[in-house]
Amino acid sequence: MIAAETTIFDEIESNVRGYCRSWPTIFTTAQGAWLRDEAGRDFLDFFAGAGALNYGHNNPILKSALIDYIAGDGITHGLDMSTVAKRKLLETVRDTLLAPRGLDYKVQFPGPTGANAVEAALKLARKVTGRQTILSFTNAFHGMTLGALSVTGNAMKRAGAGVPLNHATPMPYDGYFDGTTTDFLWMERVLDDSSSGLDRPAAVIVETVQGEGGVNLARDEWLRHLASLCAARGILLIVDDVQMGCGRTGPFFSFESAGITPDIVTLSKSIGGYGLPMALVLLKPEHDVWSPGEHNGTFRGNNPSFVTAQVALEHYWSDDVLEKSTLAKGKRVATALEEIAVAVPGVSTRGRGLVHGLVFDDASQAGKVCQVAFERGLLTETSGASDEVVKLLPPLTIADDELDQGLHILSDSVETVCS
Amino acid sequence: MIAAETTIFDEIESNVRGYCRSWPTIFTTAQGAWLRDEAGRDFLDFFAGAGALNYGHNNPILKSALIDYIAGDGITHGLDMSTVAKRKLLETVRDTLLAPRGLDYKVQFPGPTGANAVEAALKLARKVTGRQTILSFTNAFHGMTLGALSVTGNAMKRAGAGVPLNHATPMPYDGYFDGTTTDFLWMERVLDDSSSGLDRPAAVIVETVQGEGGVNLARDEWLRHLASLCAARGILLIVDDVQMGCGRTGPFFSFESAGITPDIVTLSKSIGGYGLPMALVLLKPEHDVWSPGEHNGTFRGNNPSFVTAQVALEHYWSDDVLEKSTLAKGKRVATALEEIAVAVPGVSTRGRGLVHGLVFDDASQAGKVCQVAFERGLLTETSGASDEVVKLLPPLTIADDELDQGLHILSDSVETVCS
Amino acid sequence: MIAAETTIFDEIESNVRGYCRSWPTIFTTAQGAWLRDEAGRDFLDFFAGAGALNYGHNNPILKSALIDYIAGDGITHGLDMSTVAKRKLLETVRDTLLAPRGLDYKVQFPGPTGANAVEAALKLARKVTGRQTILSFTNAFHGMTLGALSVTGNAMKRAGAGVPLNHATPMPYDGYFDGTTTDFLWMERVLDDSSSGLDRPAAVIVETVQGEGGVNLARDEWLRHLASLCAARGILLIVDDVQMGCGRTGPFFSFESAGITPDIVTLSKSIGGYGLPMALVLLKPEHDVWSPGEHNGTFRGNNPSFVTAQVALEHYWSDDVLEKSTLAKGKRVATALEEIAVAVPGVSTRGRGLVHGLVFDDASQAGKVCQVAFERGLLTETSGASDEVVKLLPPLTIADDELDQGLHILSDSVETVCS
Amino acid sequence: MIAAETTIFDEIESNVRGYCRSWPTIFTTAQGAWLRDEAGRDFLDFFAGAGALNYGHNNPILKSALIDYIAGDGITHGLDMSTVAKRKLLETVRDTLLAPRGLDYKVQFPGPTGANAVEAALKLARKVTGRQTILSFTNAFHGMTLGALSVTGNAMKRAGAGVPLNHATPMPYDGYFDGTTTDFLWMERVLDDSSSGLDRPAAVIVETVQGEGGVNLARDEWLRHLASLCAARGILLIVDDVQMGCGRTGPFFSFESAGITPDIVTLSKSIGGYGLPMALVLLKPEHDVWSPGEHNGTFRGNNPSFVTAQVALEHYWSDDVLEKSTLAKGKRVATALEEIAVAVPGVSTRGRGLVHGLVFDDASQAGKVCQVAFERGLLTETSGASDEVVKLLPPLTIADDELDQGLHILSDSVETVCS
């Protein structure tokens, strides 16, 4: 449709590029839940930077603080030097995030990506326990570097490693057998059988909701069971909250409703608030066995993102307004999706907070729905092993009427595709 | 010295933090070659964000473009969607960087860190060749994620992996035997001996100057020899130009003077210009065998950094002014360091462009010199296997008198420590 | 009891020695189901060289052929040269073993141990498929070399590797969940889910009865299901018949009753007939992709064992007498064990052909029973993850009254220990 | 030549068979240095079961003891039970082998193959040190199981693994650079450089003469240097004496002339004396950290071979007659080969004791020489990375006139091929 203008991308950008193929246009600006392209077309964003833009595009509160910081020549690139911006962030993490939730964590600044936080978490778990194996779950996604990829499920992405991915074993995620077996039947049995052939693991890494894996939900009781089985066996529990943390499911941490306290938590995507690269690893003080510099990274001190992270925490997480609003909006989405599911055969829905999926028995329909929705001004993407799920991740700050507008486009698109 | 104020860092920042221990103060702002701390003390920066700030802190030209872009609500977080900022960057890469140098590369946007660029490069080399082994070099540093760490030399950092690091074998870097053996004696022999026990490698990864490894320099003829031995055997040559690229050695790419054309080039650190996270992988078109999305990363579309990257390329690399100035300033540094080396027993020097090392026979002196220099207002860090080298990486944009001022502090510090 | 005489063993034999600790005496001669020690005491053997002596100790028919061969200066050490002894063996394998069963296999002579046969089988499966992963089963035992150990379950033995054991994943064996889940629920799901995180395997390796693992039995329908799930997915099926083959379960191959045809079969232990080292790998002709010498071994041509192997096949497997007798004796054993199980609380039994287990809820009793039985002149050993099973592997050629005598000792020993 | 008779081998023996291709006939009997085929042709054996028949085929002294043992119903298959045969062997090992040489080793009986001894040695070294990496040497050969293969050089055999071979790194063997570099220049440098990228190894495994690798000789001073560099760094030294031990180079252990005491020694091939499968691991008492049964193997108690091993040690190693004779015969061979080397351009020779190589600049000639020699009644095989070496391993017990006869055939064959 805009082939003439995409020349340079076709010409020299690697074939690895992806989203630009689903959304063949050139974006210029963005505000809140909206992106605009060069042709002046506006797109409602139910994708939110794959969960990195929970507070919307170019959120004015954060933007103002960011510009002030840059204009005032605040430290930009700080590695792990102490800076005023970092101090303020750490204080806010402590006072707004940890203390009110009764959490006692130390904070590590890994490289500014989720994969790097995961790599750091895996290293740490191995160092703490002296063991190598990590248990991951079916349909998990944790990143694309060699360590993170070893605990990721997708066969195409795994094959990209070019070397065998070792030291990790998948276990069935909640609901993998549709409730026909007892929870953790295989996992507990194999852990407690000294002749099972599974080496005793250092840690289990889990997402409370598997976004990339198809919006699969772990129940609170399943998470509690997992936490207690780990605790009973001296296995560390890592919750990868890169996509589901920062309020995506309602509370700041996605594991709050389960009432568990992971040994290690990874955060990235929306933790910076403004969509700038940043990541954190939270670890129980007794696990802080790192030597200075044992894990590092050039961009681990991206101070402009510390500024927006701090303001976001202060503004959105000093009270429960956002959390309640997310849950309310989530219900609005759920209702709309259930209506679709009832109306259209072969479609079902699942979700929590503001992450929802529309699941198509005929996987090819999911992609078509996203394509039609794009043409009608709505950005959504598919997920799941067969790309059979239309995944909805609108900004948490989206207005109700925007939500309705997007859900309306979605509903129409489903009708177009499925009838 | 400022113990009272560091409380929050001691309290909740992980033990893994490093630079804040060498430089025990809290920085607030920065400009050009200077950082300022809360107490109002100014520090001259001969460290430049470990090479991420080649154009200085908060470079005004880039800053202005950055603020304009943010203020105008330009796309912040874009994954690999096409954006106006990305188009402009790609055009500038093509017209300013590649075409004038006769280079034909495709451009991949991996996650925004050097380690991620290295992980992508290793994956690609393995996919292209169908082989697993990577040859790296003694004292190499390529990053902290599992793949990048496997080709990194440092034993402490390697041990942090917690699992054996496989599929990689170190080879002697240029000068490893002080010229007592023929270049590549071992490497060529072992590659051409079908019974050597070394599996045929997918690629060789090399830094033209090993910054973290102790400012070890590879001669141009050594690099040419390396390139031709790889080419003759169907082994891909990856130049990791994360630290030495972007003009650090004079020309934009550190391998230009050798006249070689690597199969894959990794760029990060100063590629963004302003110190914001960003990385690129350049790859020969015939190697662009990626499937869409086969390697990805949430922050691969850090558009504000695309803006500053583009302005930096346009401003500093449309002519040869910066390159010539870097070489001239490099001579200034070399001269000053040679004077120190001549005057102080047990001290020698080596370097190229604006990366230089002052090497101490007694390794403990190097750390002391950095400490004394810090107290006198100069930031430098050590490198090398035993931290025996004071490494100098001043911004390329530093003024001659600033350079002299720093060199003077350094000279005095050496005198203090070594006499 | 005979401490004075064991000096040299204590003095210079490595701590790794095992059986001599359970049976603290020094054996001199053996015949049929009997061993004699230096003190002239006779022991009835319900252990049979861990299944390597199915035809009894120093079987006179084989002994005569062996002595003739040696006396006649037949080739002793032949690598894989063609010899008369090997020709005769291959002809008998074809005519007595394969043709009557409608099996079309090629025959490989690996090194003369079960582990070596398993290593060869795994290599071949990887070469045929171009994949790396092997699926093994909980409580499996396949050997102690690095490849064989990777598919073995026992944690103590695995830890002995000293390196992580990769490229293998355990699956639940038949009965692992006591029938509470559908067969292969996890295995089929994880194989067919392209996002499960389990890399597509080259092969599945299975024992039809797990001897070392605790006399766990796979049902015929479970084996058929396994064979068909492998066939449907292009995964090779390897039956490790090292312990259960050569008639242990009744028919020559333990998988005959299931009616399946594995892609690869490993044989060792009793294949040589006389207890001399020997092993075979049987492979479907279409999988014979070996290059000459790609797998070898100095002792792969142990011709004296070829002679006894040939005579054993000819004598015992030209008709169904042995098979029927084994099944009949097996019933005799089963009946006796069931009587014990009925009489003694906390004891149960399972078995097939002439491999049976007496399972103790209180694992420590199993070891005590073996100890008491030894003192009363019966050799048995424990197996299972917690050594909770007394495993019975009498020679197939044992007489009924010998069998009764041993079962009587066993019954008495159980009574002594458990009451 | 005898195609009609080889049918069964072609029909059902796997393609992996090797020697039968070089020597296309069917052997029946053997005595001393001679094999006879079905057609009644006699072949002089300069190959000796790849070094497993140092005392000749069917040595009458051993044969008599073997037949007596079998006829007397001595224990055949003993696992690691204590037996009279084993006791006698251990006593003889202590009194004849160890004590006179001032060696203090404990004795482990692994599975009866060289590969199994190597696997046990590598496991033990890793357990003792808690490290994973093993250093091996270029052109090494240690066996075909996964662990042994990882320290083997040959690319074709390595590729057969089907998985990457890890935890091992090759180092240059003595003479690898034809004396142009200092001994151990690379190895010592890389071990002592904490930033070299080579993980600290558990052990070094070395052959004093590389038989399969092309009859490459390590000088005594090189071995002493190796032993002392290992000792100084807490790295275990494993001498794999599977092929070069048992007198092949003159003294029983091939490392005796160097005056070193390895931490671990592997023995197999000729240790059993008669060519029956058997292997030993000798280990310093302080390294005997095995748990009972941590490494095992069904055929580790091949008692008939213990008998012949014991008699061979007693008969051949109670004095220095055999050692002196081997050295004298070795000189006879060396002289004859040097004459060939002088006479024929492109041919050189090297060797020690009774292992010698005739090296052809044109590798294809080596194979042709073996083929012509076979046709003229002499068995020899090639070795080396390119099969460029005719390797001579005659029985140590060969008579001088037999030696001359074989050398004459060889000389004529070289003349035929090279002129």
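Observations on the model:
Read from first to last, the chains carry the letters A, B, C and D; within each, the first residue is number 1.
Quick note on the criterion: contacts are C-beta pairs under 8 Å (C-beta built on N, C-alpha and C of every residue); 3 or more make two chains touch, one makes a residue touch a chain.
Chain by chain, the UniProt names read as follows: A, B, C, D = Diaminobutyrate--2-oxoglutarate transaminase.
Quick caveat: nothing in here was measured; it's all calculated off a predicted structure.
Looking at B-C alongside B-D, one finds more C-beta pairs in contact between the chains of B-D. For chain A, the chain with the farthest CA centroid is D.
Separating the centre of chain B from that of chain C, both taken as means of CA atoms, is a distance of 58 Å.
Put simply, the C-alpha centre of chain A and that of chain B have 30 angstrom between them.
Separation between the centroids of chain B and chain D, computed from CA atoms only, is 49 Å. Along chain C, residues 132, 156, 163-164, 166-167 each make contact with two or more other chains. Contacts from chain C toward chain B in the complex involve residues 163-164. By the touch rule above, chain B contacts chain D in their complex via residues 132-133, 136-140, 151-156, 158, 164-170, 172, 176-177, 180-182, 185-186, 189-190, 193-200, 213-214, 384-386.
Those residues of chain C that touch chain D in the shared complex are 6, 8-9, 11-21, 23-31, 35, 38, 49-53, 57-58, 63, 66-67, 70-84, 86-87, 90-91, 93-94, 98, 105-109, 111-116, 119, 122-123, 125-127, 132, 143-148, 150, 156-157, 160-163, 166-167, 202, 242, 268-269, 274-277, 281, 283, 288-299, 302, 304.
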